[in-house]
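In the part that follows, the structures are each spelled out as structure tokens.
The two complexes that follow have chain A in common; it is paired with chain B in the first and with chain C in the second.
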Partner chain A sequence: MIFEKRTERILVPMFFMVALFVPLFLESNSFFVGKVTTIIILSIFVMSLDFLVGRVGLITLGHALFYGLGGYLFVILSPEYEAVNFWVYTFYICGIAALIALVTGAVVLRTTGIYFIMITLAISQMMFYYFFDSLEFGGDDGVFIFMKPETSIFGLSFLNLDDPQHFYYLALFSLFNTLVFFKVVLRSRFGRIVEATKQNPDRTEALGYNIFAFRLTCYVIGSTLGAYAGFLFALQYGFVNPSFLAWEMSGTALVMSILGGLGTIYGAILGTFTYEGLQYFFEHLTEDWLLFMGSAIILMVIVLRKGIAGYLEKLLEK
Partner chain B sequence: MTTELFFVQLINGVQYGLLLFLIASGLTLVFGVMGILNLAHGSMYMVGAYLVWYFATVTGSFTVSAVLSAIIALSLGILIERVLIQRLYNRNHLDQVLLTIGMIFVFNSLQSILFGNDPYGVAVPGALDGGIPFTDNSSYPIYRIFAALVCVAIAGVLYYVVSRTRLGMLIRAGESNREMVEALGVNIKSLYTVVFAIGVMLAAVSGIIAAPMRSIVPGMGESVLITCFVVVVIGGMGSIKGAFVGALLVGLISTFSSVLMPSMSNMIIYIFMILVLLVKPQGLFAK
Partner chain C sequence: MANDIVLETEALSKHWGGIKALNDISLQFRDRQLHGVVGPNGAGKSTLLNMLCGTLKPTSGCIFHKGQRIDTLKPWKFVRRGIGRSFQKTNIYPEVTCLENCAISAQRRFGGNFNLFASRHSNQMVRKAAEQALAQVGLDDRTHTIAAEISYGEQRQLEIAMVLATDPCILLLDEPMAGMGHEESQRIIALLKELKKTYCIVLVEHDMDAIFELSDQLTVLDNGRHLITGTVDEVRADPRVKEAYLGAEEDDAEEQAA
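This part shows the complex of A and B:
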């Protein structure tokens, strides 16, 4: 069983069971289907960050770089007025994002601790300004994606990305796969060594493992999935702009993963839904929702030290 | 580039660098002594600028407003340290990042509630209005020269306090060995409160000085914060000397690049920072 804890064995099936039926209940309300789709996509992004920060120990403040790249790479690669194949382009985008992660990872992983936080931030800011100042990518307005990709496999098409419900199930399917993928990776021999490099780098190195290579591999995995989430998000709304890779995006994702319970992976879903839910609630309550969000974050750091997952585990585990 | 333009840009670069130093010095001081990474440092710069604008419109005097704002900032620093930051001393960087992100949200929201989202400007104080002519048809604003001199003066005071006074001795001792300082009977808690409050005040004073030169807009804190990160990372986290050198480098590079290659100017300091970290992963003046 890849789900080791009782809490996740209860919560994960419950979440996906409910999520499967959400579009049926909200059939008439495409706004909510779209909103939940966005949160699901964001959960994939937060999960990939949770893996890097909580499991590998790489506190990055530049993860949004890949979220933005996912969108921009699609704009760069695809022809403007022609529908391309979704699966082929997913492969292209993830491949190139992985390559970029490999190169930038080789640079940023030379540093540790506070310097790692700063240099990841610097690289993402650098790309932020690149797209912000670029004329061909519309500067701070960003670019529109006019044609959504078609999704046929061997001529068979069963998904229409223009249909919000279809898109919803694509996002949900992706989230499920991401969750299972991380769980499998973390359970594997590779995952155990990664755990060791986090807990005691010196000993792991003494045992003959190349820590740098393990960290770099994880950085590439996490970044690639982050780019995939950004690609989905750009497709859902049909545009991409520099705010995708602004540092606020990285910061908010970090808050979400901590709120959910750092390093728990499934906590990313809890954190993202709670954060977005709170924001939606405060936004409708008052114009000054940011004040409440900020206070909630401060309180959370002080009181809820292990996140929601940590709290639930305390209740459900023995 | 003509000689004239070169000199104007050189002065601009140095002046911008000195202002950056003033902001960054607080950030690096707090990190060096207390090990706290304060992402809300830029918000304190914003607080300084908004306060001085508010008091200037109420009282009409820049000097009075500046003093009032600085005092409020100092008290704010003490309050924040006592209520929030004190809980973070035994936590990791991640918790610090989060709590201070929360603070950024709160301050940005308070700014919009109290002062609205319109851009504001503070008039240059009368005595410092005008320019120093240096060729027949061009002049350099006096206030910018004055601002640079104030930054130099504060840098001098900071250097003197840290290297020559008893408080400075304690700060340096606290940096190298917290437990030992405590064992010698120094109340490290109040020392930390003082250092944090000084850090906040340095950021706010920078905001006050910058107010007549720059527009006061929402989000001004964040943009300056990220630039300060670049400064302290280039210089070496926790090193005040490093912050000084880093700030001047960043000031000059970004000023000249905005003239020579405008399309790249926003990116170039980050590229420079990455190059520095490739050669010296701990910054130029790492301890």
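This part shows the complex of A and C:
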């Protein structure tokens, strides 16, 4: 069983069962389906960050770099007025993002602690300003994606990305796979050494493990999935702009991850939905929603020391 | 006899700026022997051990393992050559069970460390090796206890078990008896007597009775200098040692020697 905790075994099936039926109840309200789709995509991004920060111990402030790259890579690679194949381009984008993560990771992972935070931030800001000032990618306005990809496999197509409901299920399916994937990886022998490295890096190295190689592998995995989430987000809204890879994006994702329960993986879903839910609520309540939003988050972090997942685990585990 | 030498240092030095933590040390460590290293605080014992396991790079001089130079290698490559070390301050994975602690150290040599998908519990060889290491140090009854919850003495035993689980041929032990009571120390001494039949052991220890009892060869360091290496009796008889190290306890030492 890859879900070791009772809380996971209760919450995860519950979430996906409910999520499976959301579009059926909200058939008439395509705005809401779109909103939930966005949160689901964001959850994938937050989950990949939660893996890196909470499980591998790599506190990155540059994760949004890959979120933005997911979108921009699609714009760079695909022809403007022609529908390309979704699966093929997912493969391309993830492949190139993985390569970029491999190269940047080999540099940033030579540092640790505060220096790691600063250098990841620096690299992502570098890319932010590159796209912000670039003429061919629309500068700060970004670029529109006119043609959504088609999704046929061997001539068979069962998914229409222009249909919000179809897109919703694609996002949900991706989230489920991401969750299972991380859980499987963490349960593996590779995951054992990753956890050991986070708990006690010096000892792990003294036991003969090349901890740099383990961290780099994780960095590539996390970054690639972050890019995939960015790709989905760009497709859903049909544009990509530099705000995708701004540091605020990394910071917000970090807050969501901490809110959900750092390192719990499934907590990323809880954190993202709570954060977005609160924001939606306060936005519609008052002009000064940021004030309330901030206070609410500070309060939650103080009361729920180990995030929402940590609180639920305290209630449900025994 | 020369073939017995598994680990050798040649004019090994470590300088921190102007301070010579270790100066011109040439030592030979033989298979199936326990080689004690003693010296007052600041003599350079830990520095020596840290260089022997690769975490500290020498300022000058070389280290040879079975005739091959190894001091330029990355620390984790030392372990792959069979050089395992334990730490002075307990250095374990406190949040997981004793078995898991040993499984982490045993796993490396069975491969599949980058297999992302196979469950960590599926490999029986890793589990067996981990259980065996726990049994070797006598911790079988703590297999499923969280490492943070066992006693301090037991954690020191676990520390050694973790080194054994890497399947080393050379054990570098940094004060395995530090902070232990008499009874616990006796258990470790019995264990080391057993282990030196199969391993080359380099033991740094403050407990003089223990080191006299265990050592086949004994090296005395003082202020980063190599004072003498010899059998326990030779070292005890050497006037320089008394002067430098046992000076304050001269009467005691003579009593013991007699």
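Everything below uses one rule, namely that the second predicted complex is superposed on the first by the 317 of 318 C-alpha atoms of A that agree within 3 Å, B and C clash if a C-alpha of one lies under 4 Å from a C-alpha of the other, contacts with A are read in each partner's own complex, and residues count from 1 in each chain.
Simple rule for what comes next: a residue touches a chain if its C-beta (ideal position, glycine included) is under 8 Å from a C-beta of that chain, and two chains touch if they have at least 3 such contacts.
Only a predicted model underlies this, so the values are computations on that prediction, with no experimental measurement involved.
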| item | value |
| --- | --- |
| First, second, both or neither for A:Glu317, with chain B first and chain C second | neither |
| Which partner reaches more residues of chain A (counting touched residues only), chain B or chain C | B |
| Touched partner set for A:Arg192, first chain B, second chain C, both or neither | second |
| First, second, both or neither for A:Gly294, with chain B first and chain C second | first |
| Partner chain in contact with A:Tyr129 - chain B first, chain C second, else both or neither | first |
| Chain B-touching residues of chain A, taken from the complex the two chains share | 53, 59, 61, 107, 110-111, 113-115, 117-119, 121-123, 125-126, 129-130, 132-133, 247-248, 251, 254-255, 258, 262, 288-291, 293-298, 300-302 |
| Chain C-touching residues of chain A, taken from the complex the two chains share | 184-185, 187-193, 195-196, 199-200, 202-211, 213, 217 |
| In the complex, chain B residues that touch chain A | 31, 37, 84, 87, 93-95, 97-99, 101-110, 112-113, 222, 226, 229-230, 233, 237, 263-264, 266-267, 270-271, 273-274, 277-278, 281-283 |
| Complex contacts: residues of chain C adjacent to chain A | 53, 55, 74-80, 85, 87, 91-96, 100, 103-105, 107-108, 112-120, 123, 126, 162, 166 |
